[in-house]
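As written, the chains take the letters A, B and C, and residue 1 is the first residue of each chain.
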Amino acid sequence: MAATDTRAKGVVFALPWILGLGIFTLYPFCASIYYSFTDFSVLQAPKWIGVTNFQEIAADAVFWKVLRNTLLYAGLSIPAGLLVSLTLALVLNGVRRGQILYSVIFYLPHLIPGVASAILWMWILNGEFGLLNSALRPVLELISPSWAPPVWLNDTRFALPALVLMGLWGVGQSAFIYLATLQDVPQEMYEAAEIDGATTWQKVRFITIPMISPIIFFNVIMGIIGAFQVFTEPYLMTGGGPDRATYFLPHYIWDHAFRYLRMGYACAMSWILFLIILLLTMVAFRLSKDRVYYAGR
Amino acid sequence: MKAPHIFLGLLAALLITVWILDTPPVPLAQEGTVTITYWEKWTGFEGEAMKATVDYFNDLKIKNKKGQIIRCEYLTTTNVDRKSLLAIAGGQPPDLAGFWSGNTHVFADMGALMPLDEFIERDHFDMDKYIDVYRRSCTYRAAGDTQERVWCLVTTPASVALHWNKEMFKEAGLDPEQPPRTIQELMEYNRKLTKRDDKGKIIQMGFLPIEPGWWNWAWGYWFGGQLNDGFEKLTADDPRNIAAWDWVVSFTEGYRPEVLQAFSSSFGSAFDSPQNAFMAGKVAMVVQGVWMANFIRFHNPNLQWGCGPMPAAFDTQGQPVTVAEMDVITIPRGCKHPDEAWEAIKFINSLEGMEYLCGKATNRLTGKENTGGQGKLTPFKENSPGWIERHSHPYLRVFIDLAKSKNAHYTPQLAVWEEYRSELDAAFQRAWLQKATPAEALQQVQERMQPKLEQALRIRRYREMGN
Amino acid sequence: MAKEDDQVSGYGEKVGRHTTVTSGALQLILMAAASLFLLPLVWMAVTSLKPLDQTMTLPPTWIPRATLATLEGQRTIVVKEKKLAEDSVIIEQLGGHDVGKKKLLPAMTNDKPAIVDGKAVVKFTQAGREQVEPAPVPVKVLKHCPKGYWHVIEWAPEYSEEREKSQKDLRWDCVPPEDISATPHAFWSNYGSAVNRMQAQDAEHWYSSGFWRYLLNTLFVCLMSVTGVVVSCTLVAYAFSFLDFPGRNVLFGVTLAVMMVPFPATMVPLFDVFRSLGWTGTYKPLWAPAWFGGAFFIFLLRQFFLGLPKDLLDAARIDGCTELEILWHVVVPLARPALAMVALFQFMGAWKDFMGPMLYLTNKSQFTLSVGLQALQSQHGGTPWHILMAASMMFSLPLIVLFLIARKTFMRGIAMTGIKG
């Protein structure tokens, strides 16, 4: 009796989401699959053209360049973000004094509008007078007088790493989520480990990390999704340049959808991007099977 | 144990109440008035000048055929063009929409706009009063149509000219009243005006083609080149375009790329700031539009500057080269009040409305003067006597003459124009950063975009067949 | 029970000599990291207090300064207009169009003295155009100003009514360079300017349009969507975590997947949905979907719920509690920190959302703060940096305060759950 009862209740509890998913997400989701097989200019009704869009994508040299940029950005920013946010949270959890203050400071970047932070970072990364280079220049000159710091956003080689660096400024949110979880790790476990003579590193490695693994997993997935959808910063700060070094797939999709009015082509590319993210997430799920520990199970 | 139920009940009550109360705002439906909506993408001084002009229109209390007074509700915010796009697609367009001239022909192709010809004929609206380049920019033969039609009228006419800093000219021993007349002279002036410090770092330059870099795709015009030949053929790799880019890229010769990059990053990143290269006296000559005077007045009112045509590399026979860009006002198809919308367009594009929008003018109802409008030229061949003299722009005639020139270019009405321009900009960066020669870069654009254009035209024909 | 115990670090270490060293090192690392995170924000705050000519200066300056000069015997905040390039005189006009007006003239024009027999050629402005008086007009010399003096004008806040009115009547003078000094000064009026800039000129009441109206609208949308998201996501995440129902795993997979679709691909059909529901022009597209759950939050809460001890739930079930009661009495108290976090994130998301209000609201009086902020800056032109930064500060401040409050609830939540002890 209990089983059927729970089942019915499960559906009732999940009902808002079943409805919401259907109306606000799945319909748009399916419509865009359909669009990807059409010529659709937003203003005219979509017209079926089969796989023409996908054929065009395969031969589109800019698409491949943009995809490579996107993969590079994700490859750099996901691990870097994970490392920095986890380290910050672990360090933060190790101190008692000023914990609230610090966690607020790390979270602050999320509280200012995107326009303002784009302006701030353009100023920090300015090649000539920017804050970053003002700090780097003396150090580099110490090593060799002929060395000069890069001009970041104006240099094809350094623009993408500069955006990754800027992305690290926003790790506050995931660090914050980690911290919330870290505080739930039962103290007795540490005390028990201490009796066994564990070092701090061992405690982190064998107690903390396993205990918060569901949230690490959560943050990795969100990191993958976020990195592949990076849009606002390059759009506002570099416009994709110089020489398309920071032109990422979401930006390319955006341009086709709303500037070139080629929504069908944009949707086709969106679905390729979707499949890439999906694939990576599934890999993450597979890898997490044995490594994520759920206390409830 | 009833707590969760009470809580959920209260929430449901809240939800239902708010749901019912959250309705669209009803415009003040006064007896005998009809309200039209106008969405405009310009904020800043253009947006404010248009607001004042719409207010003027409302003051006039013009009536429609049914005798109702037309009231125009003006909404301006950034990105409103995206909003208009979705609203037109969704069948809920505003009655008037401001667009860039670069996409109106595409919108017309897609049947998203109402042609204005019927209104023009009915009201005997004079199209010949427009300067040629602006009139041609408004007319276009849309896909599947047999004739050219007018799809939009003008809101922010502009042309571009060479601006120079007189103080820097004086300092370099040049005549501050005499700008370069040929490309060779420009190069020579640049040599005289460029300064470096003892470490070889550039402190100021005479001319830096990438400042502000908004018309990098257009350099070919000054060498007699064209970007297209009709609607079906792109000519990015025209030898004259290549020659133009070769000339532009020659400014990087003798510098390591880092030196120029460091120099250009010293301007800061914003056009609209006191650190702007021209206004801060870092670059002595720039190509800029008629709006520049507004920014100079705001950021560096003491700057001594002049402006005249940017010299061309071919014999122009007294017809200087310029890019005559503008923004436009349109009536989206499917709007509720096209007739009333036309009345508003007609006022804005009357001499009275346009002069009020573009410069110093008087409201004939209240007798009050406006604050100077958007500080631009009008798109008309003739202005009211004394209007130019009262205008805040000290060199307005330069821009009017440029717009009237036979070598004034307007946005090519190509099906793939936006993408073509992005490609040209990207190719220009490649050439400027010396990652490709101009010839290679332009060839790549040609090879990429010509098939895209052909495909767009093919799909268009395919659609027409289907209908 | 977790004690509010300052002696124990997060890793259960008792403070001894060894750990003092470690925690000192940790403090240092944190301080370094914190200053890196803070620096841009400090600059933003500093910029919001600067006068226009000090914004975006390269190299950057960190202290807003006011320029002071003596005007009519008073030390006044001024704007340096220009350095005189030639010897000049300040005159008062006794005839012509601008009788009684104070003007600055070069002492010599074309090697001839500008003032002959107490008369000088002066310019005047009529209908926005500078013109020259047809004949020399009588003038009175007020002051001789040698080359190198500074022409200074009294400073007035931007975008204020006073400034619009008094632009022409601002006091000015020419002073020797040694009279000019700079002093640190915070230009708080930038904040007033930002509010004025957003205010519609034709607004009937302070609340009918502009900054304060935007603020109210934003709060409404935020509160409705936060309530909706917290309630719906708790229910749904509970179902995903503890209730087995047919298709649960598939549904969860789809929930994850929908986060992966790039947003431009769904913008058009989504607009279509809201239009067919008749929601355009209302706030519903901004808050109503929140009542149907959100993928990110469902996922987040599920991860938290799965970490809760299952025995507690089972115990409640044996006691005969319904699922709703278990949720209310067991799960919600335990998951309070996570719920606070969801509320916080949703609030911030709704507060900062620009695209939604821009696309779906059709009347200026409905706009939210983010649209108002965005409208402050435009393609080219619009608003100077100091005003934009002041507006950004005002935009962020409520979020910072809220974050501080939520952070407290959050800590208390942990202390109350009893998980730790």
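Heads up, the rule we're going with is that a residue touches a chain if its C-beta (ideal position, glycine included) is under 8 Å from a C-beta of that chain, and two chains touch if they have at least 3 such contacts.
Everything numeric here is computed off the predicted structure, so don't read it as measured data.
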item: Most heavily contacting chain pair (counted by C-beta pairs in contact); value: A-C
item: Innermost chain by mean C-alpha position; value: C
item: Between chain C and chain A, distance of the C-alpha-averaged centres to the nearest whole Å; value: 24
item: Cα-centroid distance, chain A relative to chain B, in whole angstrom; value: 36
item: Approximate Å spacing (C-alpha centroids) for the pair chain B, chain C; value: 29
item: Touching two or more other chains - residues of chain C; value: 56, 58, 267-268, 272, 291, 374, 377, 385
item: Contacts with 2+ other chains: residues of chain A; value: 42, 119, 123, 126, 128-129, 258
item: Chain B residues counted as touching two or more neighbouring chains; value: 82, 86, 89, 266, 268, 270
item: Contacting residues of chain C [partner chain A, same complex]; value: 2, 6, 8-13, 22-23, 26-27, 29-30, 33-34, 37-41, 43-44, 56, 58-60, 232, 235-236, 238-241, 243-246, 248, 251, 254-270, 272-273, 289, 291-293, 295-296, 298-300, 303-310, 323, 337-338, 341, 345, 348, 352, 370, 373-374, 377, 385, 388-389, 392, 395-396, 399-400, 403-404, 407-408, 410-411, 414, 419-421
item: For the chain C and chain B complex, residues of the former touching the latter; value: 52-53, 55-58, 81-82, 127-129, 202, 224, 227-228, 231, 267-268, 271-272, 275, 280-284, 287-288, 291, 324-325, 327-328, 358-359, 362-367, 371, 374-385
item: Chain B residues within the chain A interface of the complex; value: 82, 85-86, 88-89, 103, 106-107, 110-112, 258, 261-266, 268-270, 416, 418-419, 422, 426, 429-430, 433, 435, 448, 455, 459, 462-463, 466
item: In the complex, chain B residues that touch chain C; value: 1, 3-5, 7-8, 11, 14-15, 18-19, 22-25, 37, 42-47, 55, 75-80, 82-83, 86-87, 89-92, 266, 268, 270-275, 291, 294-295, 302, 360, 369, 372, 389-392
item: List of chain A residues in touch with chain C within their complex; value: 3, 6-11, 13-14, 16-21, 23-29, 31-32, 35, 42, 88, 91-98, 100, 102-117, 119-121, 123-124, 126, 128-129, 131, 134, 169, 172-173, 176-177, 180-184, 186-187, 189-191, 193-194, 200, 203-204, 208, 214-215, 217-218, 221-222, 225, 228-229, 249-250, 253-254, 257-258, 263, 266-267, 270-271, 273-274, 277-278, 281, 294-297
